[in-house]
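The structure under discussion appears below in the form of structure tokens.
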Amino acid sequence: MSQKKTQSSLRQKIFNLVQHKYFTGTILSLIIFNAIVVGIETYPTIYQSHKQLFFLIDKALIWIFTVEIVLRMMAERKLSDFFKSSWNWFDFLIVAAGHIFIGAHFITVLRILRVLRVFRAISVVPSLRKLVDALLLTIPALGNIMLLMSIIFYIFAVTGTMLFQEVAPEYFGSLQLSLLTLFQVVTLESWASGVMWPIFHELPWSWIYFVSFVLVGTFVIFNLFIGVIVSNVEKADAADKVDEMAELKNEVKELKQLIINLSKEKSS
Amino acid sequence: MSQKKTQSSLRQKIFNLVQHKYFTGTILSLIIFNAIVVGIETYPTIYQSHKQLFFLIDKALIWIFTVEIVLRMMAERKLSDFFKSSWNWFDFLIVAAGHIFIGAHFITVLRILRVLRVFRAISVVPSLRKLVDALLLTIPALGNIMLLMSIIFYIFAVTGTMLFQEVAPEYFGSLQLSLLTLFQVVTLESWASGVMWPIFHELPWSWIYFVSFVLVGTFVIFNLFIGVIVSNVEKADAADKVDEMAELKNEVKELKQLIINLSKEKSS
Amino acid sequence: MSQKKTQSSLRQKIFNLVQHKYFTGTILSLIIFNAIVVGIETYPTIYQSHKQLFFLIDKALIWIFTVEIVLRMMAERKLSDFFKSSWNWFDFLIVAAGHIFIGAHFITVLRILRVLRVFRAISVVPSLRKLVDALLLTIPALGNIMLLMSIIFYIFAVTGTMLFQEVAPEYFGSLQLSLLTLFQVVTLESWASGVMWPIFHELPWSWIYFVSFVLVGTFVIFNLFIGVIVSNVEKADAADKVDEMAELKNEVKELKQLIINLSKEKSS
Amino acid sequence: MSQKKTQSSLRQKIFNLVQHKYFTGTILSLIIFNAIVVGIETYPTIYQSHKQLFFLIDKALIWIFTVEIVLRMMAERKLSDFFKSSWNWFDFLIVAAGHIFIGAHFITVLRILRVLRVFRAISVVPSLRKLVDALLLTIPALGNIMLLMSIIFYIFAVTGTMLFQEVAPEYFGSLQLSLLTLFQVVTLESWASGVMWPIFHELPWSWIYFVSFVLVGTFVIFNLFIGVIVSNVEKADAADKVDEMAELKNEVKELKQLIINLSKEKSS
């Protein structure tokens, strides 16, 4: 039992350390430092002449971040508590990947991982974490409309491949290429000048395909847009309307009580 | 009468079968299978070497879907009930077209029909069907603004053809070409770099035509956009406001009754 | 006095004629016929071989429209009443211009006027007229933000001309050319690929000019957009809120009266 | 004390002068005149032949504006009062810069300063000043989302530079170039035709980078957009709801008082 107590008090100390504002501050500074370092590394002349230094800095950073994660794990009552938060999973995977791929031959993978560590700035700053959580929460509401969009994309991609495979192999050569081209078309980028006109000059009826896809695609995205705006306005509205209404209802209830009392007094 | 009863009980059995979740599930799986098959068919090497197999799969699918439609027709009390739903019409036409065009020489038409069958995924999944119904319901409200847009398009197309027919025959060579070009311009795609600048270098006053069309076109679309947002916010607002207000009104009415009772008691 | 009476009853008859649904219907049909004719005229082969016919049709149409306008003028109590509506001005000018320019050497001006007559479809159909009135009503509210936009455009145009006149004379050769280029940039059309990159390769600091204009320009347009949405939602909201609230207030007032009566009864 | 009084009365006179509508009117006219002059100066032939005149006009304008600023400073009780308004700082800096750079060899800097003076039209017209104040007030609310956008931009820029430095040096040659390219991509301008396709033909997996950046970038901007709309609709709603509600509450309170009085009367 005494051992458990000691362990518990150690956990408490680690918890206090991890929750300390200087702890978060230091980690955030190191993430920013990490960001600057990967930025400088993109300049080949600097990188080549200080390769060893960059290697050492990276080694140091990865171990500091590992210690940070381990401390945060130890601060929890149970290890499973740590993995309840998806942000902790995110931190854990980013750091763990750095260890796993360290011996990798693909130097680019390692370097990209180092860049992705900068995303940890979001998980460390609470206001950013809340913002990203809010942004991600809007996605499930879009589920059905994204499913519909996928069906439309797929049908148009298959049709496009069948129809224009030979005329425009650079845009509709295969199913995956058609999907990429349709994504370009739905952003309205060079859909006419780049994609439609060259095909149009070969197959004059091809405008039906493009115009209908642009109309359907933008119409669905437009409705997705409206859906999100409306649901947000509604939510915000409901929130502050409730307060006002609740106050008024209380007033009316008090009034009722007064009248009931009055009527009782009378009958007595 | 006994015959009618038998018939009715057969109808009931078919109805139960058609409404069964496994029935819908099987049809949905077959539609997804159909989608995958048409996707694979777009790869010429695979298609050429398994032409016979793809033909057989298609034959099988079209007969299964035909049986499905016939069963769903028989499940209804009257055949005309089946055709009351526009989704049933959609299903019927997609499948019927497969039979009609089966002997067609235009192999592409047949293949596109096979792709369009994937759209049946929408008519089978209730949540998607509701979503598409909702999307289509926003169209009638846009009737007037689309009529206005058509008038603007037509006038600009005729004017554009008259003015730029000789200078830019690839964009304004005929009325139908001008309409297509104006559709490109209203999506703001290469309207300046592709369409206006070459004409501008020949006819310096041509910018008036393009700038006014871009301003008028985007202004009308922008108002169409706002109209839809506002009507949706309003609808959503009205829906949840009514509840709150109705509750409050009930409270006030109860109050009134109390006072009236009080006043009656007094006079008695 | 008898003459006045006759005149008045003639006016009444004309008024009845002008208001008759067949009158408006006929005019609308003629406008649509006019639209089809100008559409056909854009095909040079048809136009050249039937030049005389098109000339006669146009002559007939212009006189019919003239008679229509004159009748509508006579239907009014005073001529000045006719010119109170800006739609009447619009109709009058479109038709009058056809007479003024009939001897013009510039055949294109005449033909464009004939196309503009199609716009009269808007002034004849009441629902379209209301829609356009509503659209035009949103413009004054945008006055200040459009003034701000003009100042920003002018300053950037002058600066752009000064800075890039020699490097990119095709886009910034003169003040008017710069304004047109900036309009292209604010629609985000080829602002980078067409306009910025070639200048950027000569003057590496030029990105500051373009990025700041894109940011400021889209930010202002974006706020204009929001302003219109908000004011519309508000208006719509206010409209249906007033009804609900008014009802509730009436209920509360009735309640008050009941209590006052009760208190009077008591004291009496 | 008498000196102070004199000084005070002088201050009062200057204050009256500065607040006079003709004073503001004159300054606004001079700013517009200044705008026209800098506009004319962009035409090289006119500028070269009247260089001396333009120089004199500019000298005159700068001294008039200096006198204006000094008078407005003297009209304030304390000099520090003048610098409390950021618009006064803006006016002061624009005019002061004209004096500082007058001997500058960089003639372009001087000319741009002359153009920037046109911005003073905003600080002089109250309605424009209010509009710009309102626009700038929306920026702090966007703080977090702009921080998030910066992190996303930075990570994609570093990754892009690492991955495409050698394949597309004209777009991803260095970190600053990548940032500029990503800004172009997020405006959806030639992101596919200009930037992605050439890289795609070298590195077929590169579409993942571009598609994910377009999706993430537009998604964040889209949410920023929605956030601003919602907060504005809410604000506007709250403003006019309060009035209606306050009125209703007052009615209910009066009612309460009436009932309390009734109950008192009774017990007495």
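Here the chain labels run A, B, C and D in written order, and each chain numbers its own residues starting at 1.
Everything below uses one rule, namely that a contact is a pair of C-beta atoms (placed from the backbone, for glycine too) under 8 Å apart; a residue touches a chain by one contact, two chains touch by 3 or more.
In this text, all values refer to a predicted model and were calculated from it rather than measured experimentally.
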item: Copies chain C and chain B - interface residue numbers shared by over half, same or different; value: different
item: Gap in Å, rounded to a whole number, between the CA centres of chain D and chain A; value: 30
item: Intercentroid distance (Cα basis), chain C paired with chain A, Å; value: 43
item: Per-residue multi-chain contacts in chain D, two or more chains; value: 188-190, 193, 229, 233, 237, 241, 248, 252, 255, 259, 262, 266
item: Contact pairs between chains, per stated definition; value: A-B, A-D, B-C, C-D
item: Touching residues (chain side chain B, partner chain C) in the complex; value: 144-145, 147-148, 151, 154-155, 158-159, 161-163, 165, 174-175, 188-193, 196-197, 200, 207, 211, 214, 218-220, 222-223, 226, 229-231, 233-234, 237-238, 241, 245, 248-249, 252-253, 255-256, 259-260, 262-263, 266-267
item: Chain B residues touching chain A - in the complex, by the definition given at the top; value: 35, 38-39, 41-44, 108, 111-112, 115-116, 118-119, 121-122, 127-128, 131-132, 135, 138, 170, 180, 183-184, 187-190, 193-194, 225, 228-229, 232-233, 236-237, 240-241, 244, 247-248, 251-252, 254-255, 258-259, 261-262, 265-266
